[in-house]
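Chain IDs A, B, C and D follow the sequence of writing; residue 1 opens each chain.
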Amino acid sequence: MKGEREKLAEKYFNCSESERAAFEAGIKLGTIYHQFVGTPINEENAGLLERAMVEGTMIQPFVIDAEVHIERGPLKSKKGEFDYVSLSGPMLAVRLVVGYGNVKVIARMKHIPEINYPLMYIEDITRIEKR
Amino acid sequence: MKGEREKLAEKYFNCSESERAAFEAGIKLGTIYHQFVGTPINEENAGLLERAMVEGTMIQPFVIDAEVHIERGPLKSKKGEFDYVSLSGPMLAVRLVVGYGNVKVIARMKHIPEINYPLMYIEDITRIEKR
Amino acid sequence: MKGEREKLAEKYFNCSESERAAFEAGIKLGTIYHQFVGTPINEENAGLLERAMVEGTMIQPFVIDAEVHIERGPLKSKKGEFDYVSLSGPMLAVRLVVGYGNVKVIARMKHIPEINYPLMYIEDITRIEKR
Amino acid sequence: MKGEREKLAEKYFNCSESERAAFEAGIKLGTIYHQFVGTPINEENAGLLERAMVEGTMIQPFVIDAEVHIERGPLKSKKGEFDYVSLSGPMLAVRLVVGYGNVKVIARMKHIPEINYPLMYIEDITRIEKR
């Protein structure tokens, strides 16, 4: 059942359900990247930061599921005063499931070595049974 | 003409052109919000920050046009050492045009008082002539 | 005992121990504010975000202790699709203890209603016994 | 002449003028780094982003001067849809002058290859003539 605010919000949209679902998925991936890139990180807090990123995503509209993985490679042997790094795009892998109306989108962010870019993409978009 | 990297990137997508266009628009709006919210701002630097936000958006994939407006109201009579604010969502209005393949999306972010939320939405999505 | 990198780093500094300690405290407070302001938050994830902010601070150089409190007031009765907020400065209260050499700094960030500003300040700075 | 708000703010501080000046310099460097790291950048918008970072710093309390340089090396031959990068710490060089009371601090941020770290440090701190 849609909330009162979503009923007000949807009047602003002129697009199909699947375009809306894709749009919402894009917002969430852009949010994860630009909110958290730069955060100080080492092996001690990486797991907690992953969870905070997941929870901060789950509370946003239309998110059904979120998984975040921070690559631990760059964090190895970081010990002592200056031994941490800033979270960067290539360290991030995200899997996101967004549902809007009858449409479900599976979107991902991951570093693609061939293009040297943390690509955000739609892995799958499908029509689902009404809940 | 598509670049070499876009040809590699598009293999990862399983969706229509219009869903891809909507997704790309969502990414850019999420990026603007979460990259720049918090930036120190007063009447002196507001115009320059608007331009920096526009330029930082224009260089991203598939962006045709971007306009950013920062509401000056909260900046009035900010003078002296502590008289500036942090850029917040309700101060931001964005209009974004994204083109992917034959599809053009006009997306916006603006504060909607009825729902007390800086809404990101698709104002229009249309099929365009191939360039 | 100082790490190898701190020995290299300290050559760049031309100031007293207490000025260095104050400088390091300032860096950490600026970091907390500008890294995390804008993060999506409601009552469900506030506690986890507080912990992630603490841990991301504790791994930085010379931090002895950190406490972060997010004001829950603005999160009350946030339910449904759009019912969360972006973390803002006035919601944040931080207590930070930094130690450099023989000096200990207790620094805070908190919203001061009289000046309508999330003030970062040095509550106490003291000479401590060598460890 | 001190503003009304600074008179209220300074009651919260228990430290010397030089410690306060160092603290304020630290805040500004932490702010620059964590506000802007992650911003999309290529050769087209680098100059404008530098200026926006300078202006966003100049409006903060006690800042006398600020210079920001973004290393252009990683931006060379970035052309086409995906050819831009996210601003990262090692690309940033900052020189900041802060004045508090009778004290002037020159602080810097720059990447130090030997420690592989974007070091923030106090280059000089001096007593100045009252203005």
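Heads up, the rule we're going with is that a residue touches a chain if its C-beta (ideal position, glycine included) is under 8 Å from a C-beta of that chain, and two chains touch if they have at least 3 such contacts.
All figures in this text were calculated on a predicted structure; none of them were measured in a lab.
Engineer: Return the chain pair with more inter-chain C-beta contacts, choosing between B-D and B-C.
Structural biologist: When the contacts at B-D and B-C are counted, B-D has more.
Engineer: If you average the CA coordinates per chain, which chain's centre is most distant from that of subunit C?
Structural biologist: Of all chains, B has its centre farthest from that of subunit C.
Engineer: From the mean C-alpha coordinate of subunit C to that of subunit D, what's the distance rounded to whole Å?
Structural biologist: 18
Engineer: Centroid of subunit B to centroid of subunit D, CA atoms only: how many Å?
Structural biologist: 26
Engineer: How many angstrom lie between the centres of subunit B and subunit C, each centre taken as the mean Cα position?
Structural biologist: Each chain reduced to its C-alpha mean, subunit B and subunit C end up 30 Å apart.
Engineer: On subunit D, where are the residues touching two or more other chains?
Structural biologist: 5, 9, 31, 33-35, 38, 82, 115, 117
Engineer: Help me check something: in the complex, which residues belonging to subunit A touch subunit C?
Structural biologist: Against subunit C, subunit A makes touches at 2-6, 9, 31, 35, 38-42, 44-45, 48-49, 51-52, 55-62, 79-84.
Engineer: Quick check: in the complex, which residue numbers of subunit D touch subunit C?
Structural biologist: My answer: residues 5, 8-9, 12-16, 18-31, 33-35, 105, 107-108, 112, 114-115, 117, 119-125.
Engineer: Would you tell me which residues of subunit C are touching subunit B in their complex?
Structural biologist: Touch residues, subunit C against subunit B: 33-34, 37-38, 82, 86, 88-89, 115, 117.
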